[in-house]
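Take a look at the structure set out below.
Labels A, B and C are assigned to the chains in the order they are written; within every chain, residues are numbered from 1.
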Amino acid sequence: MTKGSRTGVLALHVAALALLAGAQFLLPAFHHGMLARIMVLAAYAVGYNVLLGYTGLMSLGHAMFFAAGMYGTGLTIHHLGFGVGAGFVTGAVSGLAAAALVGLITLRTTGPAFLIVTLMLAQAFYLATLYFNTLTGGDQGFILTGLRVDLAGLRLPLTQPAVKYNVALAVFAACLLASLWITRSPVGRVLAAVRENEERTRLLGYDTARYRLLAILVSGLLSGVAGSAYTLLFSYVGSTFAGILYSIYPLLWTLLGGAGTVLGPLVGTLLMTYIVDIASDFTTGYLFVVGAALVVMILWAPAGIVGGIRARWVAWLP
Amino acid sequence: MTPLLETRGLSKRFGGLEAVSSVDLRLDPGEVRALIGPNGAGKTTLVGLISGRLRPTAGEVRFGGRDITRLRPWERVALGIGYTFQVTSVYRKLSVHDNVAVAAQRGQLRTARDWIALDREAVAADVAATLARVGLAGRSSQRAGTLAYGHQRILEMAMVLALGPELLILDEPTQGLAGDEIEALCRLVRDMAGTATILLIEHNMAVVHDLASRVTVMDQGRIIAEGTPREIEANPEVQRVYLGG
Amino acid sequence: MSLGPHLLLALLEGTVGALTLALTALGLSLVFGVMRIVNVAHGEFFMLGAVVTWYVSTTTGSYLLALLAAPLIAGAGAVLADRLVLRRIGYDPESTIVATIGLLYILQQAVLTTYGPYARPVAPPIYFRVGFPWFGYSGYKLVVAGVAALLLATTWLALGRTRLGLYMRATQQDREIAQAFAVPVNRVYTVAFGVGSALAAVAGALVVPIQQAHYLMGLDALLLSFVVVILGGLGSLRGTLVAALLVGLSDGVVSVLFSPTLAKIVATLMVALVLAIRGRGLFGEAAA
């Protein structure tokens, strides 16, 4: 890839972030809040994509990483009186730790076996959050209050829309740029190689198990960061986010947007969150659209939206 | 002179079957050795043991005088052993350039700093040089899966070449190729023999004559004969077992 | 109740659970074994069986009719899904997983919309109590155990003695060779998927007088079935039965003696570890 196109790629992604930044001045209140939520969830999807799109490993247990971030932050703030910063770091580290655990257990596991192991581990985690409900509040969860960031002498409550939006944007931007950097880096190339042909990669001198572990760690860290941010911005911790639906959501968002593309997760999260939201106004069975979307996609658009764009028109899109 | 590659009593047993039986092989630096024998003779298994894809039941493998029996495949590649698969194995969805780059960057990635600040220019130059050497320079941005089979085989050679190996193991390189593709491949192998020692599994005796300085014949897991191509063609045992004499 | 009788109660509960679990898991195992795919929507067919049973038994008053209708309807739905979706994606393992996750939500939410979010009971067709010295036990539960065992035996015989069973076993062993021997592999796949889902539906129908029909009941059935099939070995009938007995009994016992949540935690952790260690051979992947 030439230096010119590399700057072009960076420019495109910065432009997308600028668009998101600018949108906050144009959006009415409802969409303002929606977009803040979408950006945090899109960060989660970006994290998920590192494993699915870049490394070719499909997990059904990412809710464990997201929720680890959530509980790491929420529990320390609520029970131990941690501040926002310390809570955030704890959440991120929790996501990383959960990923390390899963990564070590699944070191030699791939394909459907990997899928089921991650599903089971996440389910065990979810059940544990229900079991220890005196600590976690179980399904009901608990609320955090008085979360704020002290920046440049200003007290910025995280519940204030403008603060919420920009913190969400910052978190998403960090995750997006991190994932862009990875794709373009030598590590990203190895991950793609592992995804395409693991045996050949081993015989080109790479310990592929180590790279898969690295991918899981990065994926888990980003997911944990997203979970932590979610708690801080929406002041809530609950078992729902450790449940299977929150493992299926990032899969759906990433596939819809285009696995293996950098902007795909954002597009997928944006689209699907709105679709689900609109559907929920019509029927209690609104998750039906999740099912329908998955089936339609797998039949007719397996490359997703951005993936399709890349294949048809813009081949240099990362 | 220290052999580049040496196996001592190397054996591999699968359940009740001894696929490789106490093989002592010696490759000197600069040799081009052909490994021939009927199907099921244990050639691919032997080569699997040398490359590290398989763990031996007994015996040892030594490379450059060093015992590498316990080393995993990627560690052996790092020492200088390259392997091309019997069924061409490239990254079909990646470009020709990226295929070779995966190999080319391996040599450059030694310290943690290399991962963050890899000299892309050096890798790109390496890739370009390798592609030029094998004659695929014009197809650099083409998707590997869209190449003709013969070109894919050559691409795989390029990938392994980019590792800068001392020993190249080629598993039936001309299989599935026709006439002038075989000629092109032989030219490439002769060129590679200038910088590396080569061990190739082959069924095509014309190619063996063309490329190999020495031939090792295997049957039922054992080496039954070794010598120049002429010598083993005249060998009655080899004729009986393999050449249909 | 002292420990002894408590344990007996737990064992009885466990046995009933184990046999119905065996039926459900058998369906999943059949699909795994013959088609080499994971049907993530399997639990929803179990749920469908329960819900259909509620509908039919409430409208017609006949439980037996419901018991017949449930597997037929579920089976038909499965065949439809196979033809419309699975066959089109060529039974590719990962695409099938995504597609069946989609199917899971489609079925689950369709039921939510029509049947509603409430759990509804179905009256058992037979009501009698078996009098143990320490407690009375529901006779219907014992009947369920018996019927489940009967169905398991019938399926075993069908797989071993009928031509269809032969086709399924052949396809499971080696799809390409089966095709070479003119086994209609695509049709076998459709039948396997239909039968597998129907087995789950029957289990759901049997269980609903005990458990009540609820649109979310498929998830637990799915997870337990996964546990059984993975521990018992892919497509191995005997393994599935043994594992179902083990898992069903321990789940029942731990649930009664401690807590159902804890039982599930233990089961899911167990299978995750087993699969992580033995996983490769189970799914037919080549060892590196």
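The rule is simple: a contact is a pair of C-beta atoms (placed from the backbone, for glycine too) under 8 Å apart; a residue touches a chain by one contact, two chains touch by 3 or more.
As the structure is a prediction and not an experimental result, all values here were calculated from the model.
Interface comparison, A-C against A-B: more C-beta pairs in contact at A-C.
Central chain by Cα centroid: A, whose mean Cα position is closest to the mean of all protein Cα atoms.
Centre-to-centre separation between chain B and chain C, using Cα means, comes to 50 Å. Averaging C-alpha coordinates per chain places the centre of chain A 33 Å away from that of chain C.
Distance between chain centres (mean CA atoms), chain A to chain B: 42 Å. The residues of chain B that reach two or more other chains are 53, listed in rising order. The set of chain A residues that touch two or more partner chains comprises 199, 202. Among all residues of chain C, those that touch two or more other chains are 288.
Residue ranges of chain A in contact with chain C, taken from their complex: 58, 105-117, 119-121, 123-124, 127-128, 130-131, 198-199, 202, 244, 248, 251, 255, 283-288, 290-295, 297-299, 302. Those residues of chain C that touch chain A in the complex are listed here as 38, 85, 88-89, 93-95, 97-99, 101-110, 112-113, 117, 219, 223, 226-227, 230, 259, 261-262, 264-265, 268-269, 271-273, 275-276, 279-280, 282-283, 285, 288.
Across the interface of their complex, chain B is touched by residues 185-187, 189-190, 192-193, 196-197, 199-208 of chain A.
Touching chain A in their complex are the following residues of chain B: 51, 53, 72-74, 77-78, 82-83, 85, 89-94, 98, 101-103, 105-106, 109, 114-116, 118, 159-160, 163.
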